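Chain nomenclature is as follows: A, B, C and D, assigned in order of appearance, with residue numbering initiated at 1 for each chain independently.
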């Protein structure tokens, strides 16, 4: 059974499809054995749990709560401890992939926390993604997600510099993409973003502002560990600049605009 | 017919296999219709052509000269003009790929210059690589090669920062590689280098010093065009640092050593 | 009259000198017309005000509260609003300068908030520093302080790269400092830090970890404004690296250690 | 006695003032005991010496040649060896300072090479600058000059980021400059450039393209020594970007334009 909290307009679609709609987050928890949360950012995720008529009020008896919001490890641990202290079960499940993967059902789910709950969720995860991966304690999935985003962000920004230089010296950007396809760099992320830069449209598969947020969270995580990340820091400044130029809502490949000019 | 210049010890293998050995570069040109040159660096490539008893002395009557040394566009144009002014035909052919690709016969040949000569070389290129790509005027293949190397270098350095951070926060680096394999970043370059970092062996497929040299050449090319490449510049400093730490002869993935400590 | 809160061991010296010692922050506020707070970091500053028996409990009737802790603008505004809403007067006063300036009485006080309170504090400020500067609304002094720290941090890290390169090519670092003294770069910050690098002692005038904290706060401030600061970000990574190498408690000039190796 | 080569239009002023004008560089050498050269760049400096009717033709009998062009150590060593091998004496003399210092007679002369020739030139150096500094073997003055330029370049770019951030958060840039004047960063370079950024005029004291050229030469010097200079590299990219935006001929403080937008 699926129960929906009315916080989001998409709710109606789900309700029309047979889901029950709750008036408050706690209504939703009350009505379901396992609840999935996916909201805009870490602060909103916390408010949903700890706020008035929030999730915590109805957590008990091994109720499962699956946090799918893109959050940092601290926030996830904070939510997880509260859920578990009320007798609930907690799983963080971070989604790797873009709108395109979502449509193709090839998202990857990175999960951490309660392993039994992870097993209970397998059918749901299978519906969403091509694979899921359990990584241990609460916080690990959030951290792993940020690391994959960091690698994705640096790769795309490096690609943008290469594409900008190609254009500048008079080479065809389509040739660059065709050649990349023949080399060891042949992967969907690089080819898709390269094509987007060559065409200049930047239709949004994953918003530039989303990558920048994750780069910032990765840098804050590294700051706490005193880990120096010069390239990630440089990349973050490029994405920030592109955001300021008005491309935050465009696809992440729009970082090319910053590299080019 | 293949003719070999005795400058390199590997010569004997070729001679044993039936090739003729020349005493000087001009001997080789004299004996062959098309000569392939592949030597250590741009300066050596120039010396081979312009030096005493060099290539130029015997260039005439549409003799073909194929420069496969990893060089910058200026050097290539300089050699090409000299060859053509003597009545010869010139092709620059840059090899994309590592020792592993060489063994697997999956190198990619980027060629530019004389198109008829390019056609004449097809059977040779097919023997060496899985594909070849003609990009127009002399200089274009060199520039394209540097751009692909730039993208490769930034990608691997970003991967190194991600792997270093993973280790620092207690995540398994093997998990990172397994997850990358599930995502859109699934390409041989990223997976192979990621495994190399996780294992720590750095067996040389492509030497770190080679990538650093190409990053420097790409930056010099960009300097002439007044193109700002902050990420490439930051990456170059990381590779330079790894070189100083003694890893210039190791695989390029050893940039991880610099990212980690 | 000076009243001291017993949170710090230095208290005894002040008490011996005639100051009254309070049991709690609110005791101190009760006993004094104007209270100066200077504590380790933004979180501690907030706790002092909002915590149990905190400052707020006794704020009323135009009592003055002067926050001298190195904090960000948000924290300062949050404290300031609370003080003012209870009828108190609030001034943020940020100290520019190192231990050496403190000893020499040449600190610079950057102040913002209640101008009448600023006037009331002139005699105190004169005792501490050679000059004070009023910059308007609460938050402005904190922001100005971070900007001066940012410039100081980048300058010292650039100096470190120059000194490292000098050593590497066999030039005398003492010569570099002597020559800097003759040029337009002749200022106490550059000469003092240059000498410290040449000698290698790094006696602490301003701790490296303190500059790094301010670089991070400046970057977070810039992130909210979508202002790209590539050089500041690169500098922050260098200081972070030096911190990890164990130099967080040494003088900021120890960033040289990171630049050198 | 002063003899002038007619390569430059300013010649007439000198001739009118009583100098002899030579038809070729070798004429000038022939007529003088000591010749000072100051021309646009390293390549031009080499051409002047080694070209047709160049300097070398008349070098003999302890004739002195003082190279004041801003050059790299390799070029200087190459010229020096040629001069000395003909029996001449060679001194490299690098000028530290801007147009303003030139007018005020406060330039600093960094010299290296023949110490006796250095002594012979003291009266000339005194006329040009407030002080001169002898640093040993040929090449040392060039290297020292690049190191001072590196520090100058990073400092000014850091200042630009601070000024840009100040403006962005609503602080007065004139306040920043006034406060810098009170702090340990009080030096002509920082105050003059800060004022230029606050006013936005960028009247040229030292051209931006000149600093960028020196940053590039410093990076190439560091590349040969395998010395990593991440901050210098990042700074070079900022200056290059400002150059591309059309500010190469403006004052170096125009790097602010790049930092701001």
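Everything below uses one rule, namely that a contact is a pair of C-beta atoms (placed from the backbone, for glycine too) under 8 Å apart; a residue touches a chain by one contact, two chains touch by 3 or more.
Everything numeric in this text was worked out from a predicted model, so none of it was measured.
Touching both chain A and chain B: give me those chains, sorted by label.
In this structure, no chain contacts chain B and also chain A.
Could you work out which pair in B-D, A-C or C-D copies the interface of A-B, where over half of the contact pairs coincide by residue number?
Looking at which residue pairs coincide with A-B, the repeat is C-D.
Which chain has its C-alpha centre farthest away from the C-alpha centre of chain A?
When every chain centre is compared against chain A, the largest gap points to D.
Could you tell me the distance, in whole angstrom, between the mean C-alpha positions of chain A and chain C?
About 37 Å, centre to centre.
Report the inter-chain centroid distance for chain B and chain C in whole angstrom, where each centroid is the mean of the CA atoms.
51
Residue numbers in chain B touching 2 or more other chains?
222, 227, 229-230, 234, 237-238
Viewed as a graph of touching chains, is the assembly arranged as a line, ring, star, complete set, or other?
ring
Of all possible chain pairs, which ones touch?
A-B, A-C, B-D, C-D
Which residues of chain C touch chain D in their complex?
96-98, 101, 108, 110, 130-131, 133, 135, 140, 143-144, 147-148, 150-155, 157-159, 161-162, 164-166, 168-169, 171-172, 175-176, 178-180, 182-190, 192, 218, 221-222, 225, 227, 229-232, 234-235, 237-238, 259
Given the complex with chain A, which residues does chain C contribute to the contact?
Within the complex, chain C touches chain A at residues 216, 222-223, 226-230, 233-234, 236-238, 240-241, 243-244.
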